[in-house]
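Here come two complexes built around subunit A, the first alongside subunit B, the second alongside subunit C.
Moving on, here comes the complex of A and B:
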């Protein structure tokens, strides 16, 4: 199992937070609100594509909706495999952080 | 709800990756709606940004390392393209070669157009230099001639010019330690260098005092001459050189590259010495139009202002001097127009021909690339099914086209360089500024960007075809059956028809030009150049100023020439036929009341005795004898054209002519045949031959008829002239046949260029036809197999394929003939005694075209008949 990269982790975490309401617009907004990083929709979808290819996420299509110009939403949900990968990534990071306190001036010593 | 702007949605619908198109469009609509509250502009900007990001992501197909991926992709794609091109060397080689030829030739033509027509002349403020011409409505006059009094009057009155000048060209011999040297010089007035925006690089220009008659002789030298002949010695200024037998003090050296007004006198020469033009306001006839006037526009004045002002001045001069100027018009033209104006048409013709050839070769290459796309439709279908997006496939088709054209562009640069080299080594006669035609970075940039553009043009259709490569059934059908759709076939057919039509039009044009050239070859020049050797000298100044010494020199050379055992006859003349030298004047026939509007006009030549015999010109009446060589002359010969025009064909022998404004009267003693003096293709003008005495032209030619080979006389003539006067340089030494050849050089060059281009176009278009028909045959092999299995015999298959070729050739022939007819009026000026609608040429062209099409069509047709139905049907 390969670790999701940072953008992928952000998207996966957004999926966890959003639950059943996760689709392009909300995922982008969630990440922007929490991290200040704005991802282009196309980037979000490209990331979701890669995650879906590794079965970390699954998707389904909603009914067409008028506020979207009569177009459907594509909803995404994290799979158990995705959740495991996310935990793995978190744990790997935690192990790297263990016992460390990083200050901006650390590199001086 | 608020819809996003329509154009954005329209773009998005087409540009977004199909897999996410629906949802992304929905998300974009929703996001736009959300942002509307901030402002419509902000929302639109966001939408556009998202769209751009989608495109970038799609192109790079990644988010984080987009650009790296894009580059890797591009390299991968290029490698794939190169490999696929190398796998088909025949296709690649033929496309690159044909395109390179066309691009190279087009590049060379562009360089010529750029160097001669477009680029300003190499003078500071070249666009402000203006030429003055006095033109007569009925007399044949070339632009650029004026008179001394008019120059003085206009210069004094005008406010539009900051400087004006008068000049004339003159040959000159400079004598020194190294023997006599022949150079071209110009007599110029004091402001001449100001007009051309130049100052001497060393020393100073002429002063107003130095152009007065009787001033100390001074000279300014060119940089090239100073380096060549004087070893770049900067102490030269202030010393003297002997020019035309007179010591001139050198007052200045011009900067490198300054040779004005060479481009006006004769493009093939370089003026190396400038001497003051002696202007004597009292002693200049108002009618002697043998000088050239130029001016430099004052700052803020344009040509139209200057024209308006000089028109007023000219009207005043006309009423003041009705006899001299009444019938003449003053015309102002930019110097550049006067210098290169005459070359515009031939260059435009070659350019137009070139564009046609380029189009033919582009159509050809486009067809080849298109064929490849269609052949690989099966492969595309599979790759598309395996997940390659169409974008990628069409990128490859476009990439292939680009790679081919850019390679062709690089080879084309080399071809253009070679062609330009040839042009400099064998320059067509009379083309100005050829030395300025170079393959510089501008031309190279033009060629390369042209080839990229060509790549996009020829790749566009195939790329579009690849992009809409259908997956429906293309895999299901075997590759053999996956043929071109109707759309593709229509495009290909249209390309071939267009190619063939353009090639036929060019072919007709080149045959017309060739026929006119052949006509020209059969024209009797009026003399027999075979066996005649010529030597032209520029008589030194001291001999010109002393008529007796000059006549003695001429007589002694002639006597020695006639005494040579290999010489049958020898004579001299002041302006050799076809040499471009000429003198003309009005005359009167006493007792004949002539129309006051049409004063008789003739070319005046000065010849020694034996001239008609030496040149093989028919003569009725008697030749000049030694007794006739007196000043002023009492006798004259006239040509048949003059007799027909001014004596209504009656016998003029014994009649009199009044010359030079009535100052001389001569009796006609003989009538000569008509000589094409101004060019084999120029109508003969009335001519008067006077005995060679007191002739003002400094240039004189000796002609000698050899009893054997003319070339053997060259050394003898050189020796004889050197024996009589070792300080007399020879300007031109060569057989008369060279002058005849030279006078046809321009037409020969046109015929050659036209023929080569037409040949290239015909070959290319036939290659295109074979390619399309061969491809079509391959595509229909199964059909042919079925037909043959069902009983079609070989002749019927042959007929079937041939009919197909004819269906393409017939509309092409109609279009080609139509185009050639339309271009007829334009081609007229390039033809000599051949109608641009010459029926013989048209029918021969069409028949030959038909034969060629049939011949090349046989290749695929015969291949089709060799199909073995069993093999084809078994698959």
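Moving on, here comes the complex of A and C:
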């Protein structure tokens, strides 16, 4: 199983948080609100495409909403495989962190 | 408020997004854009959108997969790998903006100049005329035996006889360009009119957009009075309304029924200003040759056979009508040649200069990229040593030059478009096919081809320069400075030599043309053109049926004009010198046979004409005010005619016969140029208006200083005398001169511009190579200075080396330059191809430019600090 990289992890976590409301705009906003990092839509979609290719996410297209300018959206949700991979990544990170305290001035030497 | 993103950005974003996500990503982007517009304002929203486009572009370059994984795979070729290679090249080029901008501009100028030159050559020389089977279209020039002069004119009966008798022709027609006042309820307007006869419309394959075109029988002298209106005049002046067909227009004295509208053509032959086409009905006697004959050869007929057939017809006509047709023959000339005229040489010249500029640009870019490749040797050698395949390395080097060439080509097309615009604006108006010159697909294709050449040549040289590809071990073992110094000095030097040689040739050509133009502009036209105002009137037969009324009107007008404030004197002449019009014929001297070797310009003039123009009376007297139609006819001859007709004797008292009238010479006047400054003065005679009256007259006015307000006064004056007589061609004599100078000015301007560009490119080339030389030898220079070399010795070393190459270039370029000046010999006026000033000035200018170019690397070499240099190595 491939470890998702950081951006991929951020996107996967956003999917978990958003549940059924996850699509391009909300995913981007969720990540920006929580981390302060703003991802371009192209980056979000490219990441989702990569995750979908690995079956970590699945997508469906919603019906156009019955309002003015209402349009079809591509929604995403995390798959069990994706959830497992996310857990794996978290565990790997946790193991790396175990028993460490990292201070910014470590880099100096 | 508009909450949708800019359409171009949206289209771009759509392009850059993979199809499967496109709809949703665009929708998402619209949503965010709308929200940002509401919360942060439109500008912030647009900025965000553009950053989205940028990110999409970046990720489209990386797609599919992340960058590191692609590195290996790129070896196999294929699309995404190539795109990545270009992205890599783009980043590399962005890192050295100086080189990139220099190479880009050089390429753009080179490709632009060559493409613009090509578009002119293509439109005027290569592309066939926009008529059906244009290769069969010919003009029939009449020539008089024993004379080199070609008379373009044919008489109506001659033309009809050819039309009926010549089997090698599908049809023959004739035309005569003229102007007529178009009379309307709200005043009269002078319009350009073409009088046509015979098969004119059929020969050219012209069609009517509305109505129908008259046939040959409609155009016969006893046919109906019909007129055809040109497409542009119909749209501009008649409102483009089909209902005007069938109505009546009044052109001068006659009324015509408007029979149709001529379908638009890119080239309107013979005149693009022609507003109306009417039947030729002037003077249909055999001796009056006012028509120019055009014909369409029958399929399979050769030019020689057609000429021979016409000659047989002509000799038969000569035996029947000896008094009008003796000694005449015909030449058949392709219409294309006539329309292109003597611009062929000009165009080839412009094309040649464009090609030289392109070559110089190519050499400069080659030189630049070569230096760059040498700089990158180390990097490439490392890549090769680490197992990078040779193909991948070559692709890395090539992709940079391809990218540069594509960008250079794109900017070059813009340069070409601007250049074409400018050139069309400045081009001589008699270039008939000028309207066809435009930036078209062919030109873009040409630019693309040049761009491709510009990519491959420098690219290939750059690849060769990086010996790294072949033998990385050798490169890696050496110090960087040593490699640079050793790196292909021979190629570099050759480039400089060739550049200097090429630019010497280009510069010599331009300087020679500039000198020639200068000479031409300082030609004395034979009369002072300062403060000289002219206009033309012609009196309609209906209101002025006899000579007495014509002369009375003209005399009254001259009198009134002469009394206007600011007018020193005013005179009248039938044909204004340098106006482009002429009336000439062969004279009979002292009752002898016609002198076919002489073509004498014939003018009627009023007594005040000579003094107004400032023509000197060399012998005898001028024209007298009292001369009227009864006394023996008198004439003045110019010095040239006096010399040609009476080489031994005093011309006074001798007679000369022209147009069936015999005149006694009473005076000799100084020579003036009649048909253009570049042509010599022709034999000329001047007779009194009162003895040879004309309905038309050019009024010549000498003013005290510039009097722009006079134009309005004159128009009012003529309108008050007769509102149906329009003032034609109101202009200063300087404007006449300008017309005669446009063509030489055009070609000189274009070639001089290209010459200057060539000079700059050569100087840039010299500079580039010298400064690379200095950069690669910094350590050597440092050592020399540490060992006590003075700074000026170092400067001398750099400049001296550069100048030695320039010297070789000058020597090798001299035969080339002489070849160019020899090719130009027909375009020169008053200077020879071996003009000493040009021969001295050209290399001098090049040497000066090279010296300036060399001072910068020279100064850089002098600024080398030996301590710093030695420590760093």
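Note that the second predicted complex is superposed on the first by the 102 of 109 C-alpha atoms of A that agree within 3 Å, B and C clash if a C-alpha of one lies under 4 Å from a C-alpha of the other, contacts with A are read in each partner's own complex, and residues count from 1 in each chain.
Operating definition for what follows: a residue touches a chain if its C-beta (ideal position, glycine included) is under 8 Å from a C-beta of that chain, and two chains touch if they have at least 3 such contacts.
Predicted model, so just to flag it, every value in this text is computed and none were measured.
Asks: More residues of subunit A in touch with subunit C or with subunit B?
Replies: Tallying touched residues of subunit A, the top partner is B.
Asks: Applying the document's definition of touch, where does A:46 land relative to subunit B and subunit C: first, second, both, or neither?
Replies: So A:46 meets both subunit B and subunit C here.
Asks: Where does A:9 make contact in the superposed view: on subunit B (first), on subunit C (second), on both, or on neither?
Replies: neither
Asks: Same subunit A residues contacting subunit B and subunit C, which ones?
Replies: 23-25, 28, 40-43, 45-46, 49, 61, 71-74
Asks: Which part of subunit A faces subunit B closely enough to touch in the complex?
Replies: Subunit A residues touching subunit B: 5, 7, 23-25, 28, 39-43, 45-47, 49, 61, 65-69, 71-74.
Asks: List the residues on subunit B that touch subunit A in their complex, please.
Replies: 1, 3-4, 16, 19-20, 22-31, 33-34, 49-50, 53-54, 56-58, 61-64
Asks: Which residues, counting only subunit C, touch subunit A once they are in their complex?
Replies: So the residues of subunit C in touch with subunit A come to 16-18, 20-21, 23-25, 27-29, 31-32, 51-52, 55-56, 58-60, 63, 65.
Asks: Give the list of subunit A residues in touch with subunit C in this complex.
Replies: 23-25, 28, 40-43, 45-46, 49-50, 61, 71-74
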